[in-house]
Every structure is written in C-alpha cells, then in structure tokens.
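So that you can tell them apart, the chains are marked A, B and C in the order they are listed, and the count of residues begins at 1 in each.
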Amino acid sequence: MTRGASRRDSRGARGLEGRYFTSERVLEAERTTLFRSCWLYAGPARSLRRPGDITTLDHGAESALLIRGEDGVLRGFHNHCRHRGARLCDEDARSLESGRLRCPYHAWTYDLAGALIGAPNMTGVRGFDAAEWGLVPLDLGVWDGLVFLRFGDGAESLEELFAPLAGRFTAWRIPELEVARETTYDVRANWKLVFQNYSECYHCPALHPALNRLTPYRDSENDLEKGPILGGPMRLARAGGTMSADGRRVAPPLGDISGDDLDRVHYFTIFPSLFLSVHPDYVLLHGLTPLAPDRTLIRCQWLFHPDAIAAPGFDPAPAVDFWDLTNRQDWEICQRTQRGVASAAFSPGPYADLESVVAAFDRNYLAAMRRVDDPTADPPHSREADR
Amino acid sequence: MTRGASRRDSRGARGLEGRYFTSERVLEAERTTLFRSCWLYAGPARSLRRPGDITTLDHGAESALLIRGEDGVLRGFHNHCRHRGARLCDEDARSLESGRLRCPYHAWTYDLAGALIGAPNMTGVRGFDAAEWGLVPLDLGVWDGLVFLRFGDGAESLEELFAPLAGRFTAWRIPELEVARETTYDVRANWKLVFQNYSECYHCPALHPALNRLTPYRDSENDLEKGPILGGPMRLARAGGTMSADGRRVAPPLGDISGDDLDRVHYFTIFPSLFLSVHPDYVLLHGLTPLAPDRTLIRCQWLFHPDAIAAPGFDPAPAVDFWDLTNRQDWEICQRTQRGVASAAFSPGPYADLESVVAAFDRNYLAAMRRVDDPTADPPHSREADR
Amino acid sequence: MTRGASRRDSRGARGLEGRYFTSERVLEAERTTLFRSCWLYAGPARSLRRPGDITTLDHGAESALLIRGEDGVLRGFHNHCRHRGARLCDEDARSLESGRLRCPYHAWTYDLAGALIGAPNMTGVRGFDAAEWGLVPLDLGVWDGLVFLRFGDGAESLEELFAPLAGRFTAWRIPELEVARETTYDVRANWKLVFQNYSECYHCPALHPALNRLTPYRDSENDLEKGPILGGPMRLARAGGTMSADGRRVAPPLGDISGDDLDRVHYFTIFPSLFLSVHPDYVLLHGLTPLAPDRTLIRCQWLFHPDAIAAPGFDPAPAVDFWDLTNRQDWEICQRTQRGVASAAFSPGPYADLESVVAAFDRNYLAAMRRVDDPTADPPHSREADR
C-alpha cells in the first residue's frame, strides 16, 4: 500500500468564495435544485423492517414519510394530506399498527401503500376520484442497507451514484447492523464547511491530538478524488484497534473483514448529505441537513452488529465518546470558519496537497450546481449566487 | 328551515397554492394593500364610552389610537407624534384624564380631537403652522357596537361592508354587551389557514368531538356564500342550550331574541380580521392580526350583558373553557397544515361540498387581492405573490 | 461668548423618511458603502500600549484585529486566517505573550506584524508563496489617543476628518486617560435615531429633568454645524461642577484646562460611529455599531486620568450612574421613535431651531450616502434605499 500523502495533489486549487457559505440566495438555489435532485440519506433500512414501521425525514420545508408496506416493500411519500395539506406524521412516529394513516384534520385515510381508502363526505363531489388522491410518492432506494430518498426529480439511479463503492463494503455486512446510539447536533456553520472539514486530516494535529495518535494524519489514501463520493482509508497506528477513547475495539470485527481492513478506517462523503465512517468493529454515519446558510443539523448514528449489542457487557461508550469529542472540536472550528468567511475581505486561500479531497468536493459542488442550473429557471444560480 | 348540507356545493373548487401561506412577499403585498384598504376590527365601542377613554390597536408596523373625545365622538389616529415620529401611547393606555396627549420626547401636545395644542420652541420656526401638524386621522366606524378602522384608503363604507348583515343581530342588542373575558393566542400558522379552518365544520367530527355533540356538523346553513362576509347558523342539538363545556347556557338569552335563534349559533367571518360567533347567551369575537407568513395573533373576547355579569353566581367559565379547548384544537391543526403546505410538492386538494364557504373565502380573497393590485404600484401583487 | 440658542436655525428642514430607519436594504447599502469607507472608532490607544497587546472590533460581519507590534507600531488586520478563513481571535483576546498568532484550524501562524511565519505542509504546494499570505491589513489611525480604523477603502485621512477639531482638546491630554468603566447597551433602534437624539437638547426638559438642571437646554452653542463632525459646548449651571448624579466633579480637572472649559461640557458626534463628550474631569465615549435596521450596539467608556483613578477614595459612580440613567432615558425614547417611524403613515415633521444639528446630521448622512453611491455598483443606493 502506498502512503497517501505522497500521491495527493491539490493542483494549486483555492477554496470557494465566501458568499457560498453566507448567502440566503445560494442556500435557496441549493434547496430548490441540488437538494431536490440528489439522493439524501434517510436511515438504516433495518430500522423499518416490520410492516407498518414508519419514520419521517425533514429537510428544510420538506418532510418525507418512509413506510414499510404490508407487502414488505419500503416506500417513501411526501408527509402531507392531499386534501388540505396537513402534515400527517410527527417526528416521533414509529409504527402504524392499524395498517392505515389517518389525517387528523378531516379524517382522510391512506393505506400503507399510499392509496386513499377513506374520505368522508367526498362521495358525489364534482370531479372527485379517490384514485387520483393517494399520497405523493418519493423516489426511494437502499444501498448496503442504508435508505436514500429524493424529494424531486433526478436522472441518476442510486446504483449509479454508488458505483464507485460497489462491493467495497460487502464484507462488513452493513445491512445487518443496528443503531446502538444516536445524537443530534445543531451546528452554526454552513453544511459545506462541515463537508470540507470532514474531507481532510490536515487539521488533525492541531485540532484532534487524541485522534491523531490513533490515525497519524499522513497515513491516509484517497481512493476516490472525483465525483459525488470522495475519500479513502486511514491506517490505525495500533494493529487490532479502532477509533475509540482508549484506541481499543468495543466489539468484534464486523462480518467477514480481513487483512488490511482489520487495521483501517474508511472515510467517505456521499454528496450532499452523508459521511460514512466504516471502522473494523462499527459504522458511524453523519447525516447532514442545512437549516440556514450558517446552520446545519447533524445526526450521528453508531451502528453495531446485533450480536455485539446483545453480548454481556457491551458498551459503545468509548466509540461514542471519542467521536462526540471529535465532533465538538470540528463543529467549533467550522463555526469559527463560518464567522471568518463572512467578511467582505475574505478571499479563498490555497489548499495544501493534504486538502486534495476538499478541492475535489468544491469541484463536484460547483459542477452539481451548474448541472441543475437551467438559465430559464427562476432563480438561476449564476445570478442568485451573488449576495 | 332547510338543512344546509343539502344546499352546499363546493363546485369542484380546489384550495389556494402553498405560496399564499408561506411567502414573505405575499404577506407584504397583503399588508401594503389588503390590510390598508380593508376595515379591521378594533374592539367593542362600549369599552371606550367616557371622554378621554383610549386604546391602541397594532397591526404589523402600524399602530392606531382610538380616543373618545370631550364631545363624545370616537376618533381614530395613527399612534405617532408628527414631530419626530415617536409612538405616543403604549398598549396599556386606558384613559387620558388630563384631556390631552403629550409626546414624551419633546412635549408636543395634542387634544383629544388630535389638534396640536402645544409645541415648545416652535414659535418663529420658518414655515411652521401648528394647524398643519395635528395627529394623522384614520377612518373609523361602528357597526352593531363593534369598532372598525382602516389604516389606509378605501372606497367602501362600513355600512356597505355590513349590508349583508343589516338588521340581522338587532335583537341581540350587541352594543350593550361588555367584555367579560379576553385571551390572546400566538398561532404559528398563516391567517388565511385560520379563516379557512373557521369556515367549515367538516373537520368537527375528527377534531372537536365535544363541539360536534352540541352542534352536529351537518346541521348548518350558509346564508352568505359570497363576498367579504361569509357564514350562517348552526342548530344546537339540545333546545335551550349553548356552546359550553356542559352544553348549558351560562346566562339568560340576550336582548329580545326568540324562536329559532334561541337554539342556534350564528357564525360569520368578516374579511380579513374578525370571526363573529353569536350565541343565544353571549357573543364570541376572534380578532386576527398577521404577524408573519406563518404566524397570527388571535385575540378572543367573550361578551355578555352587564346585567348577567352583575348577577350573583355569574360564571362564564363553561363558555370560555369550551372555546379555549376548541381554539387550541383548531390552532394545532392549522399549525400542522402550515407545515404541510410549505412543501414544494403540495398542490391544493379538492374541497368537499361541506367546504363551500372555504371555497367562497378563497374566491373573495383572490378578488380582493386583484382589486387592490395596481400594475403601476410597487410591489405589484402579480409578481410579488411568487415565492 | 454668544448664547447658542440665538444663533441656531433649522432653516425649515424636516427629518428623514421612515424607510431610512427601517429598511434592510438601506442598512445593507450603509454597510457595503458607508461603514466600509468611513473611519470607525475602535478604542483608546492606551489600552494597547505593550507589544503583543491585542483587541478585536466587530462590525456586522466584519471583525478587526488591533495589535501592538514588537516594534511598538499599532496595526490593524482583518480577523481571519488567510488559508480557510477561520476567525483568529475571540472577543476576549487581550495579549499575545508568544509574539505570534496561531490559527487553531491548521496551525498557520502569523507574527505581530501580520506576516505568515508558519504553514505546515505547504512547502512544495504548487504556486504557494508565504509572502503573499500575510494577514489582510486595515487602515488604522490615532487621533488624540483614540484609535480609528477603516474596513474598506476611503480617500480621506484621519487628520483630514478631524481637521475641524485640530488642537481643540490638547489641554485635556486625552491620550493619557484610561478606561475606568465600560458598559454595553443593546438598543432596539436604528443607529441614526441615536445620533439624532444625541444631537439636540430640545428633548432635555421633558426627558432628562436631572440633566437639564445641570446644563439648561438653551445654554448651548454649536461650533460645528456642517460635515461629519458636529456639535459644540454646553455651559454648566454651577461653576466648578460636572455632569454627575450630584453635579459635583468626581476627579480634578483634566490636563491644563482653564477658563470657560472648567465650566463647560463639549459634545461632538464623529460620523458614523462615535459620540465624544468631554467633561472638565472625565471623557465619555459612546461607540455605535448597527446590528440591524432596528438595533444598535452602544459601548460606553468613561475615561479618567490614571492619577485620579489611583487616588484614595476615587469613585466614578456619580458620573457613571448619571450617564447610565440618561442613556436609558434616551434609548427608551429612541425605541419609541423606531416603532413610530415604521408606520407607512409617518411623514417627517419640522425641526425646531434647537434641532439645527439634527438637520446638519441628516444633510451629512445623505451627502455621504450619495458620495459612495456609484451607479455602476451593486447595489446602488438610489434603488436600494427604497423599501
């Protein structure tokens, strides 16, 4: 294996202009285009394995319903009634034992496949046909046990998106894993600053001394330096270890992993909503949702094998605490960066070669914004991106 | 009397597009046009019956002063000093015993008819004439004891507005009534969602089981299905009752009411600021003020006859508690609807025939917005209404 | 000495339109032009007298660093790292004992003169030259011991700005003074309303009875009634007094002052960020920063001679309490005015002759806005000033 540092090259790139992190118009352009046309991470499919299991995912003004049908099929819908638009399910929805979904306003009722099966007093209403008023479906897909959905239209299939990682994590058997711990962070920084922060370990010596002892910052490779999925592995300094408070594993190695993978952590960003951190003994997921130009909601999930969770004495705290500390260090520096790039005097600086993935993120972001930018659309990105 | 349900017809209408409930620009257009040209409910005239009695009414950035003059005339003014613009009266103003209104900034002083009667150090100021600097008057009118005012210009007189209800509530002698209880609600929903909610009882079985027992939702008529005043009576299930926690009256029947009116409640919306709920034994008023696209201030007043209020053992709680519960159920569903219609995937659904008044509200609203829409004005509604 | 009142003439002027106090666009135009091209008050130079002393000044999205170098030179810089833009110093920064400034993100390090002296892993990065990546400098100047800075470009030197006051306060020896007390106020009013309020004593009889006893409101002169520096002296009613709770001095007269200056207070506004109130025994500074159209941060500093501060029994409370009370009365009336001028029905009233300096402030403000208004710039003021 080649040491990553020697291969990396930021090619003289500089960062994004400050307005990309501060402008309401840029976020509006991102919302109406990017976050509608891209696949967004929703959660592990295993959390919705029984018929009637349900969850919601909010994203800006949008809200999605994910429901496992009586037929075992997982479906996604917009979370509002077709009659007057009332939001159907609250965030704490977990299961529909009745097999139906009833709007609390006028009692319009849908089955688990989204069909309208009850609408009081609508018989005889001019032009009304119940078959036309089922829940609005959403694109939904599952990759390696992780559910993704799309609020608007998009050409790319989930398989096409994940082609660069096809088969890569088969040995970990991620679909079998369960969420052992979940934490949510409300970070006062633009979502892209959080992506950029995750995309390099150049900051690790100054910001994360504990992490840097476990995975020295130069011991990384970047398999993927182009497109919507970016990243690669880092080598653990200590064989048989993991990322945890004391560097020791908190569970047996996952699935059938072997060889180098027993001593590496794989870090990938899935544009524009997920960080996938695959450890020998657990998987960490960061799901991101922009709330404002300077505010991002980040949901962290620690996934373990159910056998490990069930084992006597199982305690994920060393892994959870380690990443919680690292997260907080990262959010703090992202917040400082948010405040700095808001200055009219800020101009993007040069990337180190160790930041080659950050430069790749920027290139992919700008390409994605251009791709969805239809000059006849309102608002066009090219104009809207200006503060 | 014909049962209302049989007469109703929503004529295949669908609701308003989501932007009408969420766009800052739509609210701005409503504020600069609709809420300036329409009569807005201010309060019962009886609360201002002595010379010097004063109250304020805020509406967005606007604030009105209502003052009973020494001559017994009730007048309305903009609540700011003509000199540097300081707001003159706070919200808790009740009475001006001095017979004058003095600005706390530079002591400019006005009489109760708004004339500038004192302005220190202004004598000899070039071009200054005190007669030109009285308080800015507002249009003000009283209908059936209820005060309405208008912040800007409008062609319609208050009598023309209320023509459809002329003489309708004479028997209740509303001008004699007094506010026995007042409550204010801060609702996270667009003001039009609150109007729509009040305009139908299709939601009563699912949302208000207690209310639906007192007035079964189909036992309604809609006398008025066109224009700025909409609504009609509902029949009480139990003769001699009222809308209250136990269904029993909390006071004797009002005025000279007789016949059907002893067993009916009359519900009318007065566009764009008042719900008028006339019960056999009391009158309930909901005054609405939009605070933001997704936020409405609602002031509820329960009016009783002073003889009832003075009677030993008078307790309005059963009426107040009943409507407070109903209000809270309504506000909660309006808030759910606000969140749902904000989705880009929301498209208006079909109205049931029982929602014919909601459809009539929508038609009147759109007509009112068009009426005030002068294409040379800035901002024109047609453009501004787009998100 | 001529009594000022007799000389004053507001020349029939009226105030500014309401939009100047309420519009987001006006503030944006002020920020992107006015507050970038004008000198802004930062603090007394004496607070930064040792090498390594450092402080920050925030203004909207901008943040400045002020650092006393090893060479004794005081310099100003934008407070962000040139690499990824992280804000370098927090508000509580006081001293850099290490003689260097290290960014917490990737450890880029600057010396006290702003040069980049350390950037890990940047050697060999294509096109990188450390000499190009020092901190971004700001214009900085010191007048009579007070530090001013400029976030953007401006033609005028600090000496040119202060020409009207050249030599005026030499006898007070302001550069020797130290901050004995500092208070910050968050006022819900536009910054220009606060300037206008400070610019006249016409309001003193009604609003400040205690102040008006110490300096009767007509006993003022206005030496300067044109340009960015406006104001003049007021005569103390009691010889040997000062502005304090009991009217007595709290410290010996400053420096070498003599004659009339022993019994006068000098009040000047330095457009657009400072009020300078020079008393016989102390100097009061109000530094203003707009936070929103209806919100201004005001920092008050009471400066005394270090000998007075060190004297046994020194107690600035009578001076501090007196102005704190006066400030609160002023902020309250500014807030009332903010609410009043927001009305669409507000039109500016006539100024009294005693408000001649307010009229002069308005003229200077409008001229300054026109001066920076380049019709090819975005956004042009002429259009942006409209709500």
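Operating definition for what follows: a contact is a pair of C-beta atoms (placed from the backbone, for glycine too) under 8 Å apart; a residue touches a chain by one contact, two chains touch by 3 or more.
Since the structure is predicted, the reported quantities are computational estimates derived from the model, not experimental observations.
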Same vs different contact residues, subunit A with subunit B, by half of numbers used: different
Rotation angle (°) superposing Cα atoms of subunit B on subunit C, nearest 5: 120
Interchain centroid distance [CA atoms averaged], subunit A/subunit B, Å: 46
Residue list for subunit C, restricted to those that touch at least two other chains: none
Subunit C partner contacts - residues on subunit B that touch it in the complex: 32, 36, 61-63, 78-88, 104-107, 120-122, 124-128, 133, 136, 151-152, 378
Residues of subunit A touching subunit C in the complex: 9-12, 15, 18, 22, 196, 202-203, 205-207, 333, 336-337, 339-346, 348-354, 386
